[in-house]
Structures are given as C-alpha cells and as structure tokens.
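Note that chain A is present in both complexes that follow, paired respectively with chain B and with chain C.
This part shows the complex of A and B:
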C-alpha cells in the first residue's frame, strides 16, 4: 500500500472567544488516498467545515490550529503561514456551498478564471482564454466559448457551481475540498453535478473530500465515509460498511432519522426492528371525509412591477423596456379534504411558496379564489385583508420567523389575545399549554428567541401557529434548515399533533422523502403549474409525468434503503 | 432538552462593552455631570440670574475671580448686566438641554412613527412621504429652523416647534430605512398571517426592531438641536432675553471679545462645546456597538 496523499493527524482547531475556548476540531485524524473520495458527514457544529478550512489554511482569527499535523505527499502544511499560498489553489483547492457568494458579481467568468490562473503561473491573455474555455468544457458547460464572457448572474445556480468547480480544477490540484457544494441546489441539478463530479474524479484521478450534512449525497459519491460529531470523528470506514452496518450509535441515530428509511407515517428515530416501533406507528385516523375543505380555484399570482409615471413615460419614448410581470402561480386548482395532509412538491421557482402564502392569506391572488370551508381566506381587492384565523403558517427559517425583540411568550400570545382566544390575564396559562404541546418547558416563555436552538425555535413557531386553534396549517419547508436528527423530531411532532388535533396540512417541500413520509396526497408543481396530482403511494410508485419521474430519480439514495422500503 | 442560560441579557453586555472604552466612558460621565448640574442649578448656582434685584450693574463685565458687591466671588466673571457668569451658564445649560431633549424627543417620536408607517404601507404613500422628506433635507437644517423660528416669533414653545421641524426628517429617513429592512423579514409576515393589525405590526414588531439606528441618530440630533438652539438665540430669533440660554450669553459677550473681556463669550462657548462633544462621543460609541458589522 502506498503512502496516503493527504494525511491529517490529531488535528485540533480552537477558537478563542470571550466565552472561552471553542474546540471546533478536537483531535481529528484521517487520510486520503490518491483518486479517493472521502465523505465527511456531520450535523451543523460538528466541525466538518472547519476541518476543511484547516486543511486549506483558511482559518480566520480568533481560530487557530493548536495541535496536530496535515501533510500532503509527506510535506507538512501546518505552520507554513504564507507559504500555504503556493499550495492553495495549486495542490489543494476548494469549492464552497454558495457559488453566488464565491464568484465576484462584477467580473466576467473569464476575468475570474484568469485571475485564478495568474495566481500561480504567468500566462498570456490568449492562452488563458484557451485554458479557461477548456476548463469550462470539462465541467460540461454547453457553449463555453460564449459562456466565458458571461457574468455570474447570467448563470443558473447549477451552472455557477460548475464554474466554481472548473476554477478549482484549473491548476490540476491533487486534492479538492468540496464544502456542501450541492446543498443550495435543486435535487435534479444536484443529481447532475454528482454524476459529473464522479466522472471527473475518475477521469482526472484527483482526490476529493466531500463535506455534507446529507448522508444520501455522501453515500452516492464517496468511497469512504467519516462521520463527525462535536469536533471528533466517531466512525470511519468504507461507505457501504458505514451505512450498511453502522458501528457507532450516533451513525445509527443519523440513519434512523432519515424519513426515506422508514415507513410513511412512522415516528422517526426508532429502530426499524424494534417491536415498539410498530406500536408507535401512528395510524392514519379515518378522516371524516369532507372533501373540498380547502379549495383553490384557478389561482393566479402575477407579480407586477410598480409602474410610475416616469417609467411609463420612458416606455412610451422607447427609452426603457417594460419589465415583464412574473407569473409565479399560473391557474392552479386543487382541494384538500378535512384532516388530509397534502404535499406540495417542486423545485425552486416552481411557485410552491407563493401558492402556500396565498392559501395562508399573506399574498392576495391576482385571479381565482381560495376558500376554507366555503369562506374566503382574504377579502377582495388588491389590498385585501386576511379574514380568517383558521389557517396558520409555519415558516422555513425559525431564526427569521420569530421577532428577536419579543419574548417567546409574547410572540405566541399576541394572536390569541388579539382574536379573543384568551384574555391578557389568561395568556400565561394559555401559552404554557401550547408550549407543553410542542414538548417545551412552559418556563421558557419569558426567554428571547436567541436563547433557543433552531429545532426549539421551530417548535415555538409551531406552538404559535397552533395557539390560534387553526384547522389548516401551511408548512413552508419547515424542516429544510434543520439538521437530520432535529428534522426527525419536528416531523415526529407534526405527525403526532396532526393526529391529536385533526389538523389539515398543506406541506410544502423540495424534499420528496419528507413529503412521502408525512403526506397522504401529493401535488407536483413546475413553473407555476400543477403537473401531477395523486395519492402519495401512486406518485412514488408509478409517476405518470416525466417531470415527476425525473424528480424521483434525482433523489440520492442510500444503498441500504431499498430493502427497508420493500419490507414496508 | 436543556437550554443555555449562560447568554446574559443584552443590556448588561452592552454596558460591559461600553465600559471598555475610556473616552466614551469619560464623555458619558461629563454628560451625566452636566445634566445633574443643570437640574440642580438653583441649588448649585451662587446667584439667581433671573432675579433682577440681585443684579448689580456696577459689577458688570468683571473678570473671573472678582469679588462682587453681593459678597461672593464671581469665579468666571460677570456679563454686561452684572450677572454671575457661572450661574448664568448653569441656567443656560438647563435651557439648552431642555430645548435639545424636548425637540429631539418629539422629532424622534414623529420620525419613528412616520418612517416606519411609510415603510409598512409602501406604494404611493411611501413614495410621497419620502420625496417630501428628501425635499426638506435638501435645505440646510439651520435655514429651516431659522425660517420657522422667524415666522413663529420668540418663545420656548415656538423654538421647540422650529427645532423639531428641522430635525424630524432625519428620523423619518433613518426609521424608514431600518423599517423597510424589517418589513421584509419573516416574523413580520408571520404576524400578518395570524392576522395581526397593521398598527400592531408597526408598533410592536417593526418599530422595536428598527430602534437601534434611531437611538444613534437621536444622540447626534440632540447635540445638533442644542447647537441649533444656540445659533438661533445668538442670531436673535431664538429665546426671549428673559430665558438666557447659552447662545444668548455668547452673543451678549460677542461685542466685548475684542476689547479683552473674553470671558463673557468664551466660557459659555466652552460649556456648549464640551456638552456637544461629549454627547457626540457617547453617540459614536453607541453607534459602533449597535453596528453588527463592526462586531468582532
């Protein structure tokens, strides 16, 4: 066996803060062989990104590598200081999560790539252009001769990430560190990038460290997997072994938390073979079928640019091009039965969030009407006001959806007090009741949102929605920004609450496995229209539309997933 | 499920950081001393400058340290009417601070409400209000204050109106900017989706979150209101002679400056400069601390 290409030994990266030392990376050792893909998996705060940054030497103050060694082909990188610049980009390069943040918006792709080239070699403009076009072609960008003069905003998210990969590949590095490179992308784009990266790794013989929170994507690309937690690697081994027969309880917990590995409707995080699990499974309560409880008829939402006098004058004089309106939702009709959970699935830009906001009465539909139990959600007129409290919403980002300057109790109580569900005097008790319903200690009502973790905040947001005693809850990607294990807790909570309170759910998500787990029926949206609709089972088993099939094929799967599904 | 209770309340953290800056701490101390002195002026001042009976014209324009007919030492000298300058400065500070704080406070309240309402309502209302504010801000504040003060005539309440009028636009613009950023945040949408009323959303959600930049503007604007008031009084359109503010003391001594009787103008001027500088230093520190981008 040859010596490994990259070797990390007992790496400690610490951050000195006023509150004390944060041991972000606390004794990590691993190696990377030539041509190998190592998946580095962990939840947020596990130190996986900091490990990547430590290798490439991008740790900012107050952080620093306090102990350990990183060697590439036997050369020590720790303590190299400025000398690392000769290594960075040429021998080790990095691809980041958000390509919009890493590409300079005011420079063309050519300029940026030339700059990267000139960091390590002197090259004429003509040669640089040839090299860059070649690099773009390598990452399967169509028409690279023209595209090279584009600005980053003229590319889609997936294309931008391809450009970032092309830049990382420019100097033929030996190692590429990819930090959550597909997290910001749609599933279908992610699938393409995964296939291409796999092909590139095989073709060029580079080694790759793939950092991700998503076990499934890591599983689909890596030879070996290292699982991190609290700055330490808890388990490492060949991908199939780690996922098939996890040795560490934490790995097992992560796997069990995946909705794709359990039967729909089952509480997550329980061992599939556990006897208790089948008892804990929440049976779908027979719904008192009142079909058409929520009805959306021919809903259209057009976002128009405000036309002022000056812009109209400019348009008339042919000085300004009229900006076209954006048709976010285009003639959508569907209904939800009482007690049903409807999944609304689509990629970014499909109009699913806009539709959800119309159902919840935040946006006014341009045309069509939306009713709950026969009553309109919003009054007519463009400045319509929301008329009902029977539909409430849970937002994606629990850090943004709670007012930072109001206590949790105030946030939960404001709606019920204003709408007479409780009195000002009785608010405390009322809030306590709903905090208990979402498994939080009622004593936390006096704290501010910053004192809670993401999962706890999402519970608070759920409590706020429930405190209005709604019949319908619109959930807009409620678990998209949460770690897998927290996601499982929130999904379990939603499953339980739905059953106990007989809630009707409109569940918006880009994550098909989550939707399948929670929903009875699924609506697939594409470019503002519904392309397919039907019971969850049949959509997943026999999708009729090619778009739906493409979405389903794009989901990265764990190798060990299939038997579990068959069993179910 | 455990919760971290280590994070201290926002206020104490703010104060802890503030204490780490000696210049700001000194300035805050100076402001506090001046405020206390101004409040306690009737007790501290050796003479009541309003009491015409206690004024002795023979003592007029005496240099610092002169022992007057009344038997007490004029440590900062006397002015052209024989008033003890130290006492006059204390009473002047009292009026200046009062003017600055009242006018600043009213402008703050009007500006915060108008600005955040404009940001919340949006559309034509917002465009109209903000263009009006732009129009007003294109004139110098001193000009606006001068015109209003000249139109309304002399008097405390007239001057407050003039000062407020020249100050509120800054608050509107700041409040509008901060509120427009808050308006788009999820928690505002969350409140609207309950549904909560627009008034509730503006006063309980948007305004409290838009407050930090307004507080910074307030410190600067109080200082600027004080200097505006002094300027107007100096020019003779501010307070009546019965309410001797710092500006009037300065203008009263102005004509003697070249004849060597510097103290009549210089000491009130120095008091004014110290007060305005101290407020500005405190304001700068508050701004730096509230700006998350400057946070380490």
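This part shows the complex of A and C:
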C-alpha cells in the first residue's frame, strides 16, 4: 500500500491559560489513506474538534501546536504559518456544524463562493458563476442557476449545509474535515446528506475526516473509526471492529449508553447484573388505569402578526399583502393516561414544541381546549393565565432556562415559595430534598448555574420542575444538547423518577431512539398535524404512515456488518 | 417595501404634528417676547399695537391655528428680531451647519472605522491599545476645551489656520457653500476636526467591538478554512457585517451634529444654525425657535427613514421581513 495521504504524528495542541495549561490534544497519532473516511468520535471536550482545527491550522488563541507533525503527501504543515492559507481550501478544506453560522447572512451564495474561488485562482465573473452553478448542482441543489443569487436565509438548514459542502469542494481538495456536519439537522435531512457525501467521496476520490459525537452517524459513513477521550485516541480500527468488538472500556461505555442498543425502559449503560436489578424495579411500574388524564381536544395554535391601523389601511389600498399567519398546530387531539409517558416526535417545524408549550400553559391555544384531570390548564381568553401548577416543563437548554444571577437554590425555591408549597424558612430543606432526588449534593444549592456542567444543569432543571410537585412534566428535547453518556444518565434519572413519583410525561424529541426507550406511546407530528399515533412497539415495528417509515429509515443505525462504503 | 415607506411617511407626519404642538406650547411658556421687543419706556398704546401686530393677544389655540395655516402655505412667519422671513434666515444659515456636520461625520467614519476595525482585528497589539486609549480621551475630554486648544495651537501659536469664520463661499442654488473653495476648506478644517473627535471615538469603539465579536464567529473560521486572505475577509465579510450598527450611529450622529453643533460653532464663530438658535432663544425670537425645532425634527425623521432603508440594502433578511 502507498504512503498515507495525511499523517498526524504525536500531535500536542495546548492552550496556555491563566489557570494552567489545557492539553486539548495530547499526543494524537493517526493516518488517513486516499479515498478513505475516518470517523473521529468523542464526547464534548475530548479534543476531536481541536484535532480537526489543528490540521487546518485554525486554532483559536491561545491554543497552539506545541509538538508533533502533520504531513500531507509527505509535506509538513506544522510551522507553515501564513503559508498554510494556500493549503486551506485547495488541499484541505473544512465543513462546520451550523450552516446558519458559517455562511455570511448578508452576502449572496454566489458572492461567497466566488470569494472562495478567488482565494486560490483568478477567474472572471462569468466563469466563476458557471463554476459555482456547477458546484451547487454537484451537491444536488435543485435549480442552481436561480438559487445561486439567494441569500443564506432563503435556504433550509440542509440546503445551507449543502452549500457549505459545495464551497469546501470548489478546489477539489484532497482532504475534507467535517466537524459535526449533520448535528444541527433533522434526521431525514441528515440521512440525505450522509448518502450524498458518501457518493461524492466515492465519485471524487476525496478523503474525509468525519468528526462527530454520534456513533451511529459515524458508523454509517466511516471505513475506520478513532475514539477520542481527554485529548487522546483510546481506540482505533476498522469501523465494524471498533463497534462490533470494542477493545477499550470507554468505547464500550459509549455504546452501552445508546438507547437504541438496549431494551426500552431499561436503565442505560449498566452491567448485566445491574440490568436485571433495574428490570425488576421497572417491572414494578405502577399501572394506572385512569385514561384521559391529560386531554388535548382540537387544539389549534395560529401565530398571527399584530396588525396596526396602517397595515390594515395598506392592505385595503392593495399596497401590501397581509402577512400570512403561521399555523403551528393544526387541530390536534390526543390524550395521555395517568402515569403514562407519551413521546411526541417530529422534525423541526412540525409544531411539537408549540404543542408542548400549550399543554404546559405557556402558549394559549387559538382554538380547542387542553385539560389536566378535567381542569383547564389555562383560563379562557387570548390573554389567559395559567391556572395550575400540576404541569411543569423541562427545556432543552438548561443554561438558558436558569437565571444566571441566582443560585440554583433560589431558582428551585422560587416557584414552591410563591405557591405556598414551602415557606421561605423551610425552602433550604425543601430544595435539598429535590436536589437529592436528582442525585445532586444538596450543598450545591448555593452555586450559580455557570458552575455546573450541562448534565448537572439539566438535573437542576428537573429538580426545579419536580419541586412544584407536578403530576405532568413536559420535557422539550431535554437530552438533545447532551453527550451520550450524560444523556444516558438523564434518561435513567427520568425513568427512575417516573416510577418513583408516578409522573405523567409528555416527552418531545426529534430522536426516535430516545423516545422509544422512554415512552409507552408515540405521537408523530408533521406540519402541525398528528400523522400517526400508537404504542411505541407498533410504531417502531410496523409503522403505517409513509412519513413515520421515512423517519425510521433515516435514523443512522449501528450495524455490526461492514459499513456500506467499501474500500476501493 | 412600498408599504413600509408609506407606513413610515404616515408615522412621520404624525410625529411632525405632535412635535408642532409640543414646540408651540413649549415656546409659549418660555416668556413673553413683547418684553424684549419693545423698549421699556414705550407707551401702553404702542405696546398694545405691537402685541396686536404679532397676534400675541389671541388665545394660544388661535395662535397655533394661525401658525399652522401659514406653515402649510410654506410660511414660517417673520423673525421678530431680524424682521425678515424665517425661511430666508434659516436658508442662509443652514448650508454652513450642513457642510460642517457632514464633513465632521464623514471624517469620523473615514478615519474612525478603519482604526476601529484594526483595533478589533488585533486587539492585543500595541497600536490597538493606543487607538483604544485615545478613543477614551475623545469621549471624555470636553469638545469646547479641545476647540480652544486647537485655536491656541494652530491659529495663534503656529498661525497656519484661521481662528474662525467661513472664508470664501461659492453660491449654489442661492445658498453659500464653503467647501468648494480652498479658503473655505481652510476655514472648515479646524471646526470639522473638533466636531468629529467625539464621533470618531464612538465609531472606533463601535467598529472595534463589532470586529472583535465577528472575528470569533464560525463565518470567519469558515472563510479562513476556504483559504480566503485576511484582507478579503476584513473587507468583504467583517465590514459588511459591522456596517449595520455603524449606519445606525452614523445616522443618529449626523442628525445630532446638525442640530447641536452649537458649541463648536460658537467657538469658531461659524455662522451656522447653532448660533442662530442660541441668539433667538436669548431674544425670545419665537418664529425662529419654532422653525428651527420643526426643521430639526424633520431632519431626524428623514435620517431615520434613510437609515431604515439602508438596513434593507445592507441586510437581506430585513428586506424579506418588510415585505417585498
């Protein structure tokens, strides 16, 4: 076999900070062959992204490569300084996570692509346009002649990521580094992009480094996988081998933390002995017969633009077209039995979050009514107030939902004190009790949200919701921004709490495997309507609607067989 | 877009109407111009005659209606002091302030923005630290003191600059302009620089913080990953992205500079609107005050509209929101 295309040897990237040296990348070595896809997997803080940025020479200050070598076709890249600019985009290019953030919102696609073209060659405007249209067509953008004059906000997320890939491909680079390129996208879009990237790699003979926290997507695209932890590669090998027979305990732990690999309702990431114990406990799930505990009848939510006198006048004079209202939730009816966990699944824009907020009494339904135990959640009228504390909510981003200037104890105590569940004097003990319930040390009540990790913050958010003694908890993507191992802990916590407290859950997620793991019944939403509803088992095994089937097919799976892409 | 402009013009008319009431009532409260206009030893008869002549004996709402009807006919009334139509008076002073303010704000932008972008691009270098330190001085040292110092140094000690006045003027559309003659420009330099210092400091800080923020975004990282040169990144990406807040400040500053260039105009005896309004306040020249205040509010409304339209040009997302 010929020498590898890209070779990284004993790479150390350190960040000198006031608090000491952070060894983000600490002695990483790997190689990349021609036409190969290498998956770089790890949780946040493992140094996988910094490894990618080190290769392309774009480490944020104060980080720098202190030791090691990176060669492409035998040429050394470390220490090249500004010379690296001529390598970037032409020989190695990069695709980032969030295409909304990477494309400049005030420039047209053509402008941005032309700029990238002119970085390495001089080309006339007319030729540049032809090249760019061709590049867009290559990433399967429909009607590229017109689309090229669009601005980024006129594209959907998947389209924007395609544009970013097109820009990365402009100069036919030898290596593309893709840093979490599909993490911000819906599953169905992710599936399309994965297929297209695979095809492009095969067609153009490009080598790819695919950086992701998601083992399943990495498994579906990579020939080889390297698992990173604490700045080091703990395991590397052919994808099938690493995932089929992981040698390192960390890899095994990551795999065990995946909900898709364990039986629904089981606690995640435990050894076999513990699993039995947990199943015993789960089996004791209190069977509640009261169906229709939470009822949603013909709920509609329309978001309308406020109309002023002038705009009405303008409309009448035919100067303006009235802005169309957004129908986020369109005539939705379902119910949840007491003690049941209902999964609400859909892609972005399906109205699932809006529906969740209506159930929680945050949004007022435009039409229809929402009741818990026969009582309305919200008073009538468009400016209705929430009437009950029996339903609480956990949001996706606990950092945004906790007040950064209050201690977590204050945040947790606020609601219960206001509603007389505890007194101001007794608040400390009350808070301590709920912090213990989510397995946190009660002493942390005096700390501020920024002093916690993402998983801990989500525990605090759960404690805050529980402290209101709700019967129903609406969870809006509570594990979407967490690492797999942390996600497993939070899912375990929710499973345990649900059994201990007899909670009714409305669990909103785009991640079908998580929903399947936690929920008894599933509702699938698409464009504001419910397309399918049924027990979790049957939705997964025998989906009736094509949309549900498509969603299920789009989930990248951990196959133990060879990945689809064979080495050429 | 049309709807947006129609909407804004409608709003502007409303604001102008409210403004006219406020201005009229406010000016009415300041004092009685009769005391200033007529010598104290005039007979009661003459007093009554003058009061009747200016319509000051009517109730305030009648005076207001009278004022509005003549205003709608394009007549701002006659100055009590200069005894000439207010519109002529303002027209003779307006160009002086206009050119002074415009040049000051342009100067502030042309020098301030590049300095600010540089300071934001290399925040740790010593040139940036000097730029930022000097910009704080620009904020904190009073304009009038710098103006006086400039006169002392450049006009008195070195003697290369004139200390005041407009110099030679050229008449275009019946209005006198200084910036078209060498001598006029020569006279314009010191007051314009003086007036621009504060705004320059503001532009520098705004551009620097905007640039710093944008340099850390993924947009810039992605551009760098495509191998685009730093100069192109600054010129095409950064400048476009920071232009939106800058345009806002530019607009507001242009308005406030035109309206409140009083201090600089006084120090450099620049015969602009600022001096006119101060004079008219001390002599209770009501028609001039009212006309000036109305002109200033019209100016602000126009500039704000222009800024909003500039947004639409600069940010495609705004265009969509406003309806096409």
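Following the convention adopted for this analysis, the second predicted complex is superposed on the first by the 546 of 568 C-alpha atoms of A that agree within 3 Å, B and C clash if a C-alpha of one lies under 4 Å from a C-alpha of the other, contacts with A are read in each partner's own complex, and residues count from 1 in each chain.
Criterion: contacts are C-beta pairs under 8 Å (C-beta built on N, C-alpha and C of every residue); 3 or more make two chains touch, one makes a residue touch a chain.
Computed from a predicted structure; not experimentally measured.
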Open item on the list: Should chain B and chain C be called a clash or a fit once both complexes are overlaid on chain A?
Closed with: fit
TODO: May I ask you to decide whether A:168 touches chain B, chain C, both, or neither, giving the answer as first, second, both or neither?
DONE: second
- [ ] Mind working out whether A:485 is in touch with chain B, chain C, both or neither, as first, second, both or neither?
- [x] neither
- [ ] Report for A:405: first if it touches chain B alone, second if chain C alone, otherwise both or neither.
- [x] first
- [ ] Treating the CA centre of chain A as the corner point, state the angle out to chain B and chain C, nearest 10°.
- [x] 30
Open item on the list: One more residue to check, A:444. First (chain B), second (chain C), both or neither?
Closed with: first
- [ ] Would you check which partner chain A:151 touches, where first means chain B only, second means chain C only, and both and neither mean what they say?
- [x] second
- [ ] Check whether A:93 is in contact with chain B, with chain C, with both or with neither, and answer first, second, both or neither.
- [x] second
Task: Touched partner set for A:468, first chain B, second chain C, both or neither - done: first
Open item on the list: One more residue to check, A:361. First (chain B), second (chain C), both or neither?
Closed with: first
Task: First (chain B), second (chain C), both or neither touched by A:456 - done: first
Task: After superposition on chain A, the shortest CA separation from chain B to chain C (Å) - done: 6
Open item on the list: Based on the A-chain superposition described above, do chain B and chain C contact any of the same residues on chain A, and if so which?
Closed with: none
Open item on the list: Could you list, by residue number, the parts of chain A that touch chain C in their complex?
Closed with: 56, 58, 60, 85-90, 93-94, 96-98, 101-108, 111, 115-116, 118-120, 151, 153-154, 164, 167-168, 170-171, 310-311, 314, 319-321, 323
Task: chain B - residues contacting chain A, complex - done: 1, 3-7, 123, 127, 185-187, 189-197, 200, 204-205, 208-209
TODO: Under the touch definition given earlier, write down the residues of chain A that touch chain B in their complex.
DONE: 19, 306, 308, 357, 360-362, 385-386, 389, 392-393, 395-397, 400-406, 414-415, 418-419, 439-441, 444, 447, 450-452, 456, 461, 464, 468
Task: In the complex, chain C residues that touch chain A - done: 2-3, 6-7, 10-11, 216-219, 221-229, 232, 236-237, 240-241, 314-317, 320, 323
